[in-house]
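Data block below; observations after.
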Amino acid sequence: MKAWQKILIAAALATVIVIAGTIVYFDYFARRRLRISTTTSLYDTGLLDEIKSTYEATHNIDIHIISAGTGIALQQASAGDADIVLVHAPSQELTFLENGYGVCRKIIAYNYFTIVGPSADPARITGENATEALKKIFAYGREHSDQTIWVSRGDNSGTFSKETSLWTAAGYNQTEISSESWYATTGAGMANTLNVANQKGAYTLSDIGTYLSLYKPGTIQLKSIIAGGKSLLNVYSVMAVNPAKVSNVSFNDAIDFIKWLVSDTGQQVIDNYAVAEYSQHLFYGAVQALKNGSPQPDVSWIQSYAYFNDTECPAQWRDDHPELYS
Amino acid sequence: MAALVEIKNLSKSFGDRTVLDNIMLQIEEGEILALLGPNGSGKTTLLKILAFLEKPTSGEVTFQGVPVTAKNVERLRLQSAMVFQRTMMFSTSVYNNVAYGLRMRKLPKAVIKEEVSKALSLVKLEGFEQRPAKKLSGGEQQRVALARALVLKTKLLLLDEPTANLDPKNAAIVEDVIATANRDLKTTIVMATHNMFQAKTLPNRIALISDGVISEVGEPSEIFGELSKNLASFAAVDNTFVGTAETTEDGTTVVDIGNGVRIEATAHRSGEISVFISPQDIILSKSAVASSARNVFKGRITSILDSGSLVKLAVDVGQPFTVQITKRSFSEMGLNLGSEVYIAFKASGVQVV
Amino acid sequence: MNPIIDGIQKAFQLIFSGDPTFYGVVYRSLFFSGVATILAALWGTPIAMLIGLREFRGKTLVKNFFNTMIGMPTVALGLILYLVFSRAGPLGPLGLLYTPAAIMLGEAVLVTPLIISITANAIEAVDPEMMNLARTLGASESQTSIAILKEAMNGVILGNIAGFNRAIAELGVALLVGGGILGTTDVLTTDISLYTQRGDLGLAIAFGIILLLIVFGINLIIMLAKKARFLLTFGRSPQ
């Protein structure tokens, strides 16, 4: 036998060992794993790390978190590469449910997006609501077309979904204005986009968690100019991947995890996360609020923004788990 | 004597270039056979076929009566070893170089150690075991190469221009080792050479080869004794000239080799003869120096060939002479193509064949 | 605080911290790229030997192909491999996506062309008569190839170091097929990306410094070993 043939056989053998070793490790030695595909804003604030360590401490399972934009997270789940999705774009979530990929949707948290910009506020948007503010930014951008006035994620994320709907509410078509010279697209994550806006002295839309995590240590100097209000509401939901549609998913573990998330323990982790560090809430637990119908107007805003047919999950997608909705 | 190797109707071509043409040759057990011929005459290819490294295009080679085939070639290679003209060392120690073939033969470690040290002492390189082979001088490397082949004690040893690039001291050691190996180990040796002097002293038989054809095979006395017309056409061999000899009044012989070049020799001969002057016997200088050398000619350098530690120069003095000097002398003398130089050699250094 | 100074401080704090999470990341980086390099060497060396020792039709084309593949953007390769390893992809049933095996195989694929090119060039640079030398001394065809490979050892080592450096320093493949799952598939580069994303530039720079130190350290060790002729002249006999 020739030398190269011997080495090739060794190569094939080594490859098989690596593959088999990994499969055997995860099947027999490692703890079961639950794969969560999530949006960057939840992951990058560190909330999911906290959830992971709290959950793993009391459950015999490893949580594997893959962070991507909402669009990619949903796509990965439909390809069978995740057991659970944690996202924040109700319209995309509805499509996901309708296509049969997701079941047992629960709204677990909410907060508000914020429009941030340079402290001088050249477009004078302070005190306006979000749609009025975008109109002013648009007008200001047209006048200063040699500068970058607005920075957009442009990456199919939940934040970008929200931005698009805000422009629509203000009377513009995001696709059309995105080609104008004052409008810049990063195609990157939230922190990168905030950094770009900070360097350019431009406005952008951000989730409050990522903004604070950069603003507090002084990495960026942009001010949160508009925060709160119905149109800036940001709602996070969890969905299990439907085992009837996608094979090889850990459905029972996913349901256990969802039950824990909506339990008082899980809700407290969300609600209290980083409050001590930032002296304000990054996330609010949604479960108790929706049950009690308070605080208002937040609850009614959530219901009109993120409910489908007056419920967080219509009956046909509850998959024999009515206890989640009692 | 029985034939160790028998070559019948052997031809070899590379593409449409015929290198060997219908060769018939027997190599007797225990002999030293010299393949004498100019560069490019097919000597190396013939040696490679004898080493079972090249496959003939047509014809048959039998080794101890067994025809060489694709199937037995790897096994037959264990019976022959070749030393190449261009010295190649493995990038490791001298010991590992010499031990290589023994390891291939899966001999025990202790045996290998003993054999290597014997082989190294044969080529006068005792104590060189741990030296990095590639750091040795050209002559030492060639001796390691010889030891590396000899240590295998193969039936057949093939040497391609074993002394071509060596200075006289190393060349003498190598020639001595070749003779010893043949005498003591009964190794059959085929060596390619274009050095007339070497061909005259070492081998039992000589095969003249030119343009891929063997024209004459015989004992040195036969080949050199009478003036062979084949040998006369071997002018391409370094410093071999054909001329007319005349005995002078003071007892020496003057050979007119044409173009106004007259060489003084000590041998008493007259008529048509061939003469040969070993390149090592020629002294090169930039000006005419007074010396006992009877032959001094002025000429120009027409080519410079770098071969390891030595530099081979072609000097045109009316007839082309080949001169070997060390690289160091070459650079110290500041020689260039076209430089005017003098060559000098003693009358006793002229070999008449 | 200036993130660079902060980063240097954090780098040294981490190195001496004894923090198992941090050492886990370093260990995974070394282990994944190490296995990937070994795999790539095993896949690539026979191919390099065929390219270096044989003449065949389309040889230039094959060489050009591998030379071009060296410049493959890691993200592009990561994406292709993601589609291959995904549950819905051809290798989906193995369930390798977001596991260490995916990173090791992915990085092996990434560095294979680099190792092939450098190794094949080194083999081609060896005097072709060396093969005849080994043969006449009694080597079989397989032993002959190995003798040539040993003569090319400098280039082979260089190719494998270059492969390791590329594997340990790349992000695209590790992120796309490994997913950067903390404690399982995160490596130095994915953590640099993660902490940059999270705005913790100091920690990101710290990881960057540590990555540089590792690459530098490994190259230094190899260089010293070479200088001592430990690997080359006296390391082992050619057989």
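Each chain gets a letter, A, B and C, in the order it is written, and its residues are counted from 1.
As a working rule, a residue touches a chain if its C-beta (ideal position, glycine included) is under 8 Å from a C-beta of that chain, and two chains touch if they have at least 3 such contacts.
Values in this document were obtained by computation on a predicted structure and should not be read as measured data.
Going by C-alpha centres, which chain is most central here?
C
Going by the contact definition up top, give me the pair of chains with the most C-beta pairs touching.
A-C
Quick one: which chain's Cα centre is the longest way from chain B's?
Result for max centroid distance from chain B is chain A.
Could you please state the distance in Å, as a whole number, between where the Cα atoms of chain A are centred and where those of chain C are centred?
A distance of 34 Å separates the two centres.
With chain centres defined as C-alpha means, what is the inter-centre distance between chain A and chain B in Å?
That gives a centre separation of 83 Å.
Quick one: chain B and chain C, Cα centre-to-centre, how many Å?
Distance between chain centres, rounded to whole Å: 49 Å.
Would you mind listing the residues of chain C that make contact with two or more other chains?
141, 143
Using the touch definition from the top, which residues of chain B touch two or more other chains?
Residues of chain B never touch two or more of the other chains.
Can you tell me which positions in chain A touch chain C when the two form their complex?
1-8, 10-11, 14-15, 18-19, 21-23, 26, 35, 40, 44-46, 49, 52, 62, 64-67, 76, 79-81, 189-192, 194, 210, 213-214, 217-220, 246-248
Taking the touch rule as given, give the residues of chain B at its contact with chain C in the complex, in rising order.
Contact set of chain B toward chain C: 48, 51, 53, 74, 77-78, 80-82, 84, 86, 88, 90-93, 95-96, 99-101, 103-105, 130, 132, 148-149, 152, 158.
Touching chain A in the complex: which residues of chain C?
Per the touch definition, chain C meets chain A at residues 1, 3, 35, 38-39, 42-43, 45-47, 49-50, 86-89, 92, 94-101, 104-105, 141-143, 145-146, 149, 179-184, 194, 196-201.
Name, in rising order, each residue of chain C that touches chain B in their complex.
127, 129-130, 132-141, 143, 147, 150-151, 153, 229, 232-234, 236-239
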